[in-house]
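These are the structures, in structure tokens.
Both complexes below contain chain A, partnered by chain B and then by chain C.
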Partner chain A sequence: MAKDHLKVIAQPDQQVPVGSHKQRKRKVQVTWYLFLIPSFLGILLFLVYPIFESFRLSFYQSNGTIEKFIGLQNFQTVLTSQPFWNSVWNTFYIGIFQIAIAVPLGFIFASLINSTPKGKNFFKVIYFLPNVTSIVAAAMIFAFVLHPEMGIVNYALEAVGLPTSKWLSDPSSSKWAVILLAVWHWIGFIIIICLANLQAISPEMYEAAKIDGASGFQQWLFITIPNMGGTFAFLLITGWIGALQRFNEVYVLGGPSGSPARSIQTMGAFIYERGFTGFEFGIASAATYIMFMIILVFTFINLKVSKMKL
Partner chain B sequence: MLKRISKKGLLLTASFVLLFFAVLAGCSPGGSKKDGEWAGQTVNVQLIGDFSMEDSTNPITGEKIRGLDVLKEEFEKQHPGATVKFIIMPWDGYTEKTQAMLTSGEADVYQLPGIADFAAQGVLEPLQPYIEKDSEFSTDIFIDQQVESWKALGPDSKELEMYGLPFLGDARFITYDKKLFDDWGVEYLSEHPTMEEIKEKSAKMTGKNPVTGEQNYGVWFRGDWSSAFTLLNAAEGIGGRWGEGFAWEDVKFEFNSPEMVEGLNWMLDIQQYAPEGIVSNQGNEKWMTKDNNIAIMLNSGPGNLVQQTHTQGLEDRIAIAQEFKNEDGMGGLFAGSPIAIGKSSENKELAWEWLKFATSDFAQKYFYETGVFPSIKSALEWEEVKQYDDLLGPVFEAMSTPYTPRYHWAAGQPRFILTSEIEAALTGKRDAQEALDKAQKESTEWLESR
Partner chain C sequence: MSYKKAEKIGMYLKFFILLVFGILLMAPFVWMVSVGFDRSANIAMPFPPRLFPDDASGFNFTIVFENGRLIQSYLNSAFVTVTSVMLAVSSALLAGYAFSKGKFKGKRLLFVIVLCTLMIPMEPRLIPLYKLFNSVDLLNTFWPLILPSIINGMLIFLCKQFFDQLPDTIREAAQIDGAGEFKIFFQVYAPLAGPIAATMVILSFIGSWNDFLWPLVVLSNQELHTVPLYLASFSLENGTSLGGLTMALATVSVLPIIVLYLFLQRYIIQSIALSGVKGE
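Right, the complex of A and B next:
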């Protein structure tokens, strides 16, 4: 049966001409490209087009329906706007402290969990839970947790004799309320990523170090940390991009103008305030491109500092 | 061969799925009706708020709320052949969603709290021609000040025109808890209290309640989102105003006038009688409950006022006084929602019919049941309103005496600038004069850069 089949294939007059074979191959390829069209159209419509439209809008005074070309005036307005630079300051302030606290703390927790003989998965789940919580829901709960009179944080501080804070009701402490929330929400992700790297470090290195008489701390300092470089670079870059785009939690906690007194208004919130509450789409678009440039430059610096290859 | 079959099968399956959905869509209800005066016409109505097509339960009272189907059925009965479709959106982000809908012409009728911004874009239909040719309709049905206050400037008009009919009413007033006044032995607020009276009585009622021993606060007001309205009303009470003009080129702000500075200093004074969290909208969690610890609530609104008072058994406790009024008897935020017809509507006559229906007794009673406030005078005669006359009488009075011209700039930057500076003053970053000078400077610069 199989022999007959081979014979049939081998018959010269039954062979498919080269030209038609190519045509069929092309036809098959075209079919698969057809399947790509919906997602390609989606990308064009919802990603590429808005990027170009936003760029065009940044040169116009626009309220969505009436437009007037004004050249670079929107960029000038944004770059000379005190609230914009205040929002840049807030974004960096919150971002710096979030990363500076969350990454080392997450790494320490991951190291502790990694060295725990039992219950690793339990701790992984517990620490990762905040990260799967919606940041909007978490921010709403944090507003109660940080309530100046009824909040559990102030209650705990008072119980141990420490001074309490007004948290979100005071511009000097409101940024720290956001940092606290951001660290709490992000740390689970850091722990999981660090744990994955920790478990990938060869145990032979630790065994060799032990034979050479290295203490546990020395092993951590001279084996673990140098082997975590790639992970730290990844966390630094993704953390910074996320921090520079921060919007959801500050919108929930302080509204579009980052109350109190614009103390938690980030660049994202500034864009939202001007674009979607004041119909100043030109200003919002210009601010978006300025924010894009800031993120681009900062990510480039981060890549250089962390020596991470793209 | 197998490849060819699977390819064919895949194409067949895809075609079948498409056909199936096409048939489903074709069979679904909502197609135009073929008979009647309005045959084949559809009016798409956008509504903002917690509305639902089906019956639901009021989360506060536990009572059943009829769905929007009630309105649909009645309107379609009154207008044979017509079809009503609702597009319901939440209050969150309503401005940008409405903008998108108006730009794309998705609805015929819109609920438009920010009507001034949209009228200026030329996306709304002027209503005066419809009113003039409709002998059955009169704007006298609306509560005083409502029609005039919702007028706006069109893209080319020099004078204010009517682009929307008053639809849902709203007002601002001062609410207080009589029990706390009794506990402290303080006389109730007068019908038209002064700033001094509020300050004096707030001071007396801050501290440990002499009867219950609980911590009480004399006053509460939002120090963030709506603080600009509290300040403007305080200034209005002593003869001040936000400024003047309606078209942006005519607008002049008076944010740092002596009256505004005095108003902000008054807010800074009474802040000491309020809980710590007013700038982050905190500290009022017990308000409108039996455990309430706040004596006077400034800048209150009517949303669910009756329902919550009734459900919590506070009928004997909650009372209302008017906000501060100027010499002409005007003062306080003018709020609410008008309804308007989109310029791109294909069924404008039917849309006008919907506008009349939505402001009729039938529809207004329905909306009142759902917890929002009516905009028509006849509501005062409804049995449902009369039984809560003590509470609702002052609310209707407040609705007819807001400050005009209204704060039409309050959806944009000037409001955010003013609010941020009030917050700066309330949190001690700047004194009242410095904060308002900065607000005036930034708002004026913003006006000039438009």
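Right, the complex of A and C next:
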């Protein structure tokens, strides 16, 4: 509004012919495109081109130098390959439990931190600490932390009388080792995001509830949780996008094949294994496209689901 | 009176729960440092776990530093991260400013394209990018790690949001004085962008420092390995043997980041929260 107002005043003073005014405007427009050159050069070269090239490659048999068009055969190979579906299963299994455990737990701890009168900042800093360490270093530490005989987790479980687990040395429990690591690493992020949004809820609502005699827990249940819908949606969406792309920690813990017995090989690891240890670029490209579609569809579903909640 | 008492008990209970869980979260770090100082842990991990090693020595750390590969990887990571951050932040500042204050055709469409880049994962781009850098003979250099940082949709988005909050009136005043768009940007708006620039530095630093999959693909030369690559290769080579050395290595690679975090925690936590709140 103010802008238009200013223009109206400024125009009569300029006293320039209409034509040259237009020219000047065009010149100004061109300047704006100059601002965008670095970013869009990057988008073209590092995003648009690779996406199309990868699509093309998925129809070829390729090892990087020799290429042969083979139609949909790569897709057929991937979609009928047992290791691929196994990697999809692993990815979803780890993702579901990571999110189902970390988000509620993180929200509860964020609420506790938010309501504790002392040491708010101290806890915030401590709880976020695992998240600032790289997941690669964290995985390296967890290989020992979860060691069945010498690790501290089994030691602690035994000390309080709980059943222990073989963790990474048994295919039936190895996914839970990754889930534990993922929750440990991600929970700080959830707490920070929840805290920021908890503090944005208007205090007047709580005051009104207090006057009506609502207890602290009732306030949490009927004011806090309904107001966090958008935050949960955000965490669900970013959580799933991250979970579907999981690679770093499973590579460190189980190598490209996700040992033991491919039990922690994720989609990302499958692609890495076929693409960069086997140099089957066509098959890996087809797999990345299938993975890409899974991510898009799943993000879309998440958006729909979380919108219904809002 | 009893209501107040109950409230007080609840308060202590909350504090206690937070403390216990906090200790559980920190336990792996404490154990890491403790085992790192334990020379005998290379043969058998100390069991039952103890806070202070029986035979404490800096042996493992001496080996880690004498080996030199960790220091080399630190230098590599530092170089890659600093250049990537500079490139990412300056490119995002320019684009974010144009999307906020600019008036040009196709602005909305171009901005939607920027937002779409946020949806594209690394995996489908991995092989074409590998082939691209291979074709110009840049594999096993730092260029493949640095150049793609030029585009970061998240940073552009945050930057646009920031400039949107700055009034247009400063611009109009400078325009009447006859300043060109670049002059206005560099002399008027860029100096005001300190807070958002700090946030962008923090976010892109974290991203670049921890980057793993892409460096793993393009850097096969061990001398160029970044910290995460070196850690991963060490870990895969040794598995769960050489516990003492592994933990010393983990300590040296994690502690500087933790110390940096403790100094900058306010800004880092704010930046993370901002990227989450605005990303909604």
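The rule we apply is simple: the second predicted complex is superposed on the first by the 268 of 310 C-alpha atoms of A that agree within 3 Å, B and C clash if a C-alpha of one lies under 4 Å from a C-alpha of the other, contacts with A are read in each partner's own complex, and residues count from 1 in each chain.
Definition applied: a contact is a pair of C-beta atoms (placed from the backbone, for glycine too) under 8 Å apart; a residue touches a chain by one contact, two chains touch by 3 or more.
Because the structure is predicted, anything quoted here is derived from the model rather than measured.
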*Taking the superposition as given, does A:F276 touch the first partner, chain B, the second, chain C, both, or neither?*
both
*Residues of chain A touched: more by chain B or chain C?*
C
*Quick one: classify A:D170 as touching chain B (first), chain C (second), both or neither.*
first
*Check whether A:S259 is in contact with chain B, with chain C, with both or with neither, and answer first, second, both or neither.*
first
*Report for A:S39: first if it touches chain B alone, second if chain C alone, otherwise both or neither.*
second
*Considering only touches as defined above, state whether A:A143 meets chain B (first), chain C (second), both or neither.*
both
*Kindly classify A:A214 by the partners it touches after superposition: chain B alone (first), chain C alone (second), both, or neither?*
neither
*Should A:G64 be classified as contacting the first partner (chain B), the second (chain C), both, or neither?*
both
*Check the residue A:V88 against both partner chains and state whether it touches chain B (first), chain C (second), both, or neither.*
neither
*asked:* By the touch definition at the top of the document, which applies to A:M205: first (chain B), second (chain C), both, or neither?
replied: neither
*Find the residues of chain A that appear in the contact set with chain B and again in the contact set with chain C.*
28, 31, 64, 143, 147, 149-150, 255, 275-276
*Touching chain C in the complex: which residues of chain A?*
2-3, 6, 10, 28-29, 31-36, 38-43, 45-47, 49-51, 53-54, 57, 64, 109, 112-113, 115-119, 123-130, 132-145, 147, 149-150, 152, 155, 184, 187, 189, 192-193, 195-197, 200, 216, 230-231, 233-234, 238, 241, 244-245, 247-248, 251-252, 255, 267-268, 271-272, 275-276, 281, 284-285, 288-289, 291-292, 295-296, 299
_Touch list for chain C against partner chain A, complex_ = 10-11, 14-15, 17-18, 21-22, 25-29, 31-32, 35, 44-49, 90-92, 94-95, 97-98, 102-105, 107, 110, 113-114, 117, 119-132, 134, 147-148, 150-151, 156, 168-169, 172, 176, 180-182, 185, 206, 209-210, 212-213, 216-217, 227-228, 231-232, 234-236, 239-240, 243, 246-247, 249-250, 253-254, 257-258, 261-262, 265, 268-269, 272-274, 276-277, 279-280
*Could you pull out which chain B residues touch chain A in their complex?*
7, 93, 95-96, 99, 102-103, 117, 121-123, 155, 223-225, 275-280, 282-283, 285, 411-413, 416, 419-421, 423-424, 426-427, 429, 442, 449-450
*Touch list for chain A against partner chain B, complex*: 28, 31, 61, 63-66, 73, 77, 82-83, 143, 147-150, 166-171, 174, 253-257, 259-262, 273-280
